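Labels run A, B, C and D following the written order; every chain starts at residue 1.
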Amino acid sequence: MINEVNYRVLYGDTDCGKVMYYGNYLRLFEIGRTELIRSAGISYREIEEKKGIILPVVEVFAKYKASAKYDEILTIKTLLKELKPYKIVFEYKIFKDHQLLTEGYTVHVPINKEGKIVRFPEDLYQLLASLLKK
Amino acid sequence: MINEVNYRVLYGDTDCGKVMYYGNYLRLFEIGRTELIRSAGISYREIEEKKGIILPVVEVFAKYKASAKYDEILTIKTLLKELKPYKIVFEYKIFKDHQLLTEGYTVHVPINKEGKIVRFPEDLYQLLASLLKK
Amino acid sequence: MINEVNYRVLYGDTDCGKVMYYGNYLRLFEIGRTELIRSAGISYREIEEKKGIILPVVEVFAKYKASAKYDEILTIKTLLKELKPYKIVFEYKIFKDHQLLTEGYTVHVPINKEGKIVRFPEDLYQLLASLLKK
Amino acid sequence: MINEVNYRVLYGDTDCGKVMYYGNYLRLFEIGRTELIRSAGISYREIEEKKGIILPVVEVFAKYKASAKYDEILTIKTLLKELKPYKIVFEYKIFKDHQLLTEGYTVHVPINKEGKIVRFPEDLYQLLASLLKK
């Protein structure tokens, strides 16, 4: 399943090179995975509050192919690339119309409130696994 | 007492107008008041952790007179403008060399961990009051 | 005319106080005025590119009454408060449901590409003036 | 040559997980490479303005091992990992005291003002190459 969400570039997202600052794409990645998770029927906030599981980013990669400019509408396409008992990987592609601007991924591990790595609770794992289907 | 701290403008602070984004000056205000408080012999982190007092911003004002550009070194000058049992006001002036770029203030109220407005504890009040002296 | 636009709070908008960082509301103000201007039939990008007019912020004020938290959906309500030949003032109110969280204003002056303050071109002035009507 | 620069974590850098937001580390990477380049005797701003060369990020990778918290002083250690006629790679390690929190790299390509990839000018190449020495 691919989640699509649009984002309009703010003045505050750009830098003096007149394009979106490279670090700000990681906010778009956050928007992408948040909305993908929501489409599985649970919000990330609920994962933290109700399941007691936090999913910190342990790795991020991004490849910048073309620039996003002020006021352009981008499309963030996100999919669940990999799901393991102790690991979840999201993949992102950011488009302007049909042009791929940026692609990347984030790796997360489930930890509990004490900061210890734990297995995904079974019900949460099944919900997330539903995102692997088409 | 006036605290002075320097700050070099990042690419990530600027916007496509080629100057520092107006919202990012509020980060500089934070740097200014944090270092001013530290000069009183307590850090803002200690105020939260040891005194149980949080000082949220309830008002901010900024006046932009001239622009800060990429890689410029700015000087943030901060002073304690007003201290009352239930209120604290910081004033900021941001300079490039001797040119005043931006000035403003923030108003904060002391709240406890439950989010209730409280009087400053006496010892903290005295520490902060020392910043009113020259 | 009041423009309304929704915004969902990102992890990246919040701070370790568990609420939206005070500086990030200025991004929401930007979203608000950008969409209000667009509703007048011209985008801010077009004002810069086609009219050669830039509208830098010369003053900002914000009053924080209650906090915005992660994943909450906010409503940004923006109106044109004042329009003069050399000045434009936008007013913002940010709500969560019916609760007013933050209100504020920004003052802008029209400058040309050389950075000189100029009168609004007549056609642009008329477009913006249409926002003063109900 | 390794450049070291300290950075104190702001409230505005953290998120509601009470640690530095993952995207904000890319600002620290920027600080690191900017100061490393400056130690070669030229600033990145001068590379843009005097050499007409821009060095956009085409790839970024970061691995997060431990969290940075509010008010902590971090050390950003940056080195030039690779220098080719059409490519430059910086490597970053961010420490709190002796604990490695985050490591990563950025890949940049030299482009001219028209956005075309070009070889590094010879004098600039030699300056940057000096960073490869111990």
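Operating definition for what follows: a contact is a pair of C-beta atoms (placed from the backbone, for glycine too) under 8 Å apart; a residue touches a chain by one contact, two chains touch by 3 or more.
Just so you know, these numbers come straight off a predicted model, no measurement behind them.
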Exercise. So which one's got more C-beta contacts, A-B or A-D?
Worked result: A-D
Exercise. Between copies subunit A and subunit C, are the contact residues mostly the same numbers or mostly different, with half as the line?
Worked result: same
Problem set entry | Intercentroid distance (Cα basis), subunit C paired with subunit A, Å | 28
Problem set entry | Centre distance in Å when subunit A and subunit B are each reduced to the mean of their C-alpha atoms | 33
For this session: Indicate the whole-number Å distance between the mean C-alpha point of subunit A and the mean C-alpha point of subunit D.
Result: 24
Exercise. On subunit A, where are the residues touching two or more other chains?
Worked result: 11-12, 17, 19, 23, 26-27, 30, 70
Exercise. If each protein chain is taken as a node and each touching pair as an edge, is the resulting graph a line, ring, star, complete or other?
Worked result: complete
Exercise. In their shared complex, at which residues does subunit A touch subunit C?
Worked result: 10-12, 26-27, 30-31, 34, 43-45, 70-71
Problem set entry | Residues on subunit A engaged by subunit D in the complex (per definition of touch) | 17, 19, 22-27, 30, 54, 56-65, 67, 106
Exercise. Which part of subunit B faces subunit A closely enough to touch in the complex?
Worked result: 11-12, 14-19, 21, 23, 69-70
